[in-house]
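Below, chain A partners chain B and then partners chain C, in two separate complexes.
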Partner chain A sequence: MDQFEMLKAWAETNVETTMFYILATLAIPLAYGVILDKTIIRSGFILIGVFGSICGLFLLLQAQFLALAQLMIYAVGITLVIVIALMLTNPRMEKSQLSNATPANQLGAFMVAVGLFMTIYLSVRPENWTLSSEPLDVNNVEVLGRALTTDYSLPFEFASVLLLAALIGSIMLAKAEKPPKPGEDDYEYSVVEDGPISDDARHDREPAASKR
Partner chain B sequence: MTSSTATNTQTPAQAMSYTLAYAIAVFFVVSAYATGNLDNFVQMVGLAPVLESWALKDYTELLAFILIVLLGSTVALLGGTTSIIMAVGTVGSFFALTLNQHPLIQYLTLAAVLFSIGLYGMVVSRNAVRVLMSIELMLNAVNINLVAFARYVDPVQVKGQLFAIFVITVAAAEAAVGLAIVLSIYRNTSTVDMERFNLLKW
Partner chain C sequence: MRNGAEILKLGTLTLVWWCIIFGAVWAACYIVGILIPMALSSYESDAARMTAETCRALTPILSVLVFIPINAMFMVLFERRGLAIFTVRLGPNRVGPDGYLQTAADAVKLLFKEDITPRGADAFMFTLAPIVFFAPSIFGAMPLLAAVTNYHELFQIVNLPTGIFFILAASSVPVVGIVMGGWASNNKYSLVGGLRSAAQAISYEIPLVLSLVTVCLMAGTLDVVQIAKQQAGGILNWNIFGGGALRGLDTALALKFSNQPPALQELSQKSFDQVLKSSYVEPTMQAIGLGAGQEGLAGIIAAFAVVILIGSILIAYGLYMTGACAEINRIPFDLPEAESELVSGYNTEYSGIKFAIFFLAEFTNLFIVASIAAVMFLGGGDCPVPAWLGTMLGGPVIESMINQALTPLIQIKLVDPPTLFAAIWVILKVYGIVFFAVLIRGTLPRFRIDQLMDFGWKRLIPLSLIVFVLVVFAREFVNVHVGS
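The block that comes next holds the complex of A and B.
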């Protein structure tokens, strides 16, 4: 009981560290859930939890803008896209019939991951960082905005071009519609015969069938 | 990693009890390290000169980490639930490795843990969408690094946060294009199994 009281007093004086550990103990098992859960749609939703706890970590690090961007882009946007892709690629929500990795394979991957972690840890562990004890600027969003529009305006513009290219490219890739052959005006029957009928092909066919 | 190394003769209750015992053992190791008892133990056994000769004098937390990993592999071989053992061992060793460190090193270690989990998931998983999820995890770990540097190394011009913004942008583009590629491969081959994406093999 004494130790519990000591722990409580310590937690009350070090709120930041306590919050960090709470968020870290949330993030690590959830990350394991993402990569190990049998039902892949559930791991898609667990991903929201990981991104949410990382958003909390950003708030602890006083990066308010990035915390909200994390919430909007990752926890909502990317997870939504991933879940939609899961629904499209696994329509009956069955347990995945995929071949599992062999135990030797898993052991090798585990060794590589632990080795990578130890390398990173041993290289960040020596305390010769040039740390700055200054507090972060209270309105660092303003600093960010100024930097983005002055010093970093060229990368900013390139980022917008990249996003446009990615948008067009992913639409073109995901659409996958066969162009109608020249001379063949009966467009509604130009469906690929073998392989699964794509969604938009099915949509194209239905109104044509009702017309006749 | 589901009961692959476990022998199939174990009942679920046995596996659960092994896992629980491992969790308690990890808790004891971490608390022994946190209260300084592990240091006393090292002194008592006479490991201190050995550690000193390897220039690892202040690195008692590595001992706790190795202890946790060894215990975990033993319990996994005995037949515990492997995924829970991995999660418990990772959280325990994360606590042991960061308790007495500067906050910057705590954040960097957390990022390293998440990055390694992402790497492991990327190699092990056979579903292409799960591989993309693991890549998102790794990109997020890098973001934690950048924001932690912005907070503790460069708090005046928060350059780390700027880089994190660009990383998020590229990650969004990467997710959209990657999932579109997975969808179009699924249209052609009606599978998302990474092992069967061998259209381009010579």
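The block that comes next holds the complex of A and C.
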């Protein structure tokens, strides 16, 4: 009976810490796995695992909304990244087949990594934080939503406009249309005699036809 | 009605299987959630108390785990029989009485089949894919359980303040499983199926989420229990009909047709103007310069806003159903497994229990999106008959008769009337939507991939954004979900 009381007392104080360590021991090896795995697609899937454990950390901090946004955006976003990786690389290509980085490249990468680490460390180290002992609102989605649409609406809009610009820019880059050659337009529907046009071929021609 | 006999058979089959499914779920919940804790309550030890608490906490997950396999078996059979009727065939009718056990036999067959991992496949990913595909449908449906059981005390722990967002986040994970399975199979058809699935899920998730966001905006909350509760009080209060925007109409009808039962006495004192007034928001009207004395004009504007609101929400419902169909890869959006082009798409290489898990998850996802629609748009566990009409038709009498008949069961806590009635309505609504999905499957051909993308990006997404903006403005003029 004492054991159960002890267990209860232990759970009340330590369950959060224990969960943190469990999630951290999940996240860190998985993060290593992302950079060490030989197949690029596998790295992508492991990255989802990393984000999943970070989502768990957010849940521990009572930030439900952030946790779920993490899950939703990254689960779908990383899938997109994987698809792009599949399209741009040979899916069965392994990293050992890639050319090794030169010492200069390695040095550069190291410098970037150190710089990044220093920046992140300086910005998140706990000394300058104001700690509050106020209890969290159960429904902190509401608080978050209100803050985003009132106090922080300008940064929020700024971020959206930035994303929109990035979106338009990437579309423009991806499109990179060549100017149509003279006479090409007339050629459009004259090939029917060769046999029925397959659906794909017709679809390829459609944009050119609609430009006229 | 030449196939009336077949339709009758389908109806009987449905009723029998509903009894099996929900009898099993009910029994499991009762034994673990109430019977065991009650039996343990006579012991005073800590161990007994802890066991009882654990049992109670495990009830929701247990109910889902009991529900999913049996329900999938029923839904496969229901779909096959339904499709048979639509295409004037007989459907499976040999195994067991009139084919009732066909899918149970199929399930046993799948479990005993050899589990093959193809040569060159990434074995770990190959095994992980069905799990990633299936697991979210177990925990994703959790908050819905609280909403569909009318907030029964056993299911209160699964309710979250971010309910619908949690469900959406969970339902966006399965696509990872499909891509993973497609890639790990080391098969071109599977890979193409997986890629198509990723493209499709990402495109159609946007209208799906935006239509649900529109509903959340109207409800003013993300909590599914609250959304379900707000819609109580008959079909005119449901979100699909503007979530109480037609309250003025409802009240006017009640005044006209009811014999003024006690609850409506005070309403009958009011004039028509006052009834009208209850449907629009006074501060907004004042803000656009319509003060006292201009109730007529304000009423006209409010009526216009109500029409726009209801039209938008109906479109949002259509958008949701389309997006959901695409999310769960059902015909006409089943390109990831288009069997005429891709053999079977992402699950070509799967066999035995892994294939069974894919299959199970697909039908469970269909059930989940139908339940989301029922809770978000169709009033959750709410009876479609408005209260005043129900009173006229003798609803309270019937209810008390049922309550009386069930008294012994209520006393041993086997039945909780509010939960029972809510559950029955939810079951009817959800399987109604499932039937609609089967009808769609029997009716529409498959999209071509470029048509699919065009339809998603050029039609559905702009439409959902327009609907969203319209609802934002219309909601300001109309009283929605206030003091119903």
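Structural remarks
The rule we apply is simple: the second predicted complex is superposed on the first by the 122 of 212 C-alpha atoms of A that agree within 3 Å, B and C clash if a C-alpha of one lies under 4 Å from a C-alpha of the other, contacts with A are read in each partner's own complex, and residues count from 1 in each chain.
As a working rule, contacts are C-beta pairs under 8 Å (C-beta built on N, C-alpha and C of every residue); 3 or more make two chains touch, one makes a residue touch a chain.
Predicted, not measured: the structure shown is a model, and the values here were computed from it.
By the touch criterion stated above, A:Thr13 is placed in contact with neither chain B nor chain C.
In the superposition on chain A, A:Thr150 makes contact with neither chain B nor chain C. Contacts of A:Asn139 after superposition: chain C is touched, whereas chain B is not reached. In the superposed model, A:Phe65 lies in contact with both chain B and chain C. Look at A:Phe45: by the touch rule set out above, it reaches chain C but stays clear of chain B.
By the touch criterion defined above, A:Trp129 reaches chain B but does not reach chain C. Counting residues of chain A touched by each partner, chain B versus chain C, the larger count belongs to B. Shared-chain residue A:Ile82: touches chain B and chain C both.
On chain A, the patch touched by chain B and the patch touched by chain C overlap at residues 65, 69, 78, 82, 86, 140.
Partner chain C is touched in their complex by these residues of chain A: 1, 4-5, 39, 41-42, 45, 48, 64-65, 68-69, 71-72, 75-76, 78-80, 82-83, 86, 91, 138-141, 199, 203. Every residue of chain A that touches chain B in the complex is listed here, in rising order: 16-17, 20-21, 24-25, 27-29, 31-32, 34-36, 38, 40, 43-44, 47, 50-51, 54, 57-58, 61-63, 65-66, 69-70, 73-74, 77-78, 81-82, 85-86, 88-90, 96, 98-101, 103, 105-110, 112-114, 116-117, 120-121, 124-125, 127, 129-132, 134-137, 140, 143-144, 147-148, 152, 155, 159, 162-163, 165-167, 169-171, 173-174, 176, 195-196, 198. Per the touch definition, chain C reaches chain A in the complex via residues 45-47, 50, 122, 125, 160-162, 165-166, 168-170, 172-173, 175-176, 179-180, 183, 191, 195, 198-199, 201-202, 205, 222, 448, 450. Of all residues in chain B, only 1-2, 4-5, 59, 69, 83, 86-87, 90-91, 94-95, 97, 101-110, 112-121, 123-127, 129-130, 132-134, 136-137, 140, 143-144, 147-148, 150-159, 161-162, 164-166, 168-177, 179-184, 186-188, 190, 192-193, 195 touch chain A in the complex they form.
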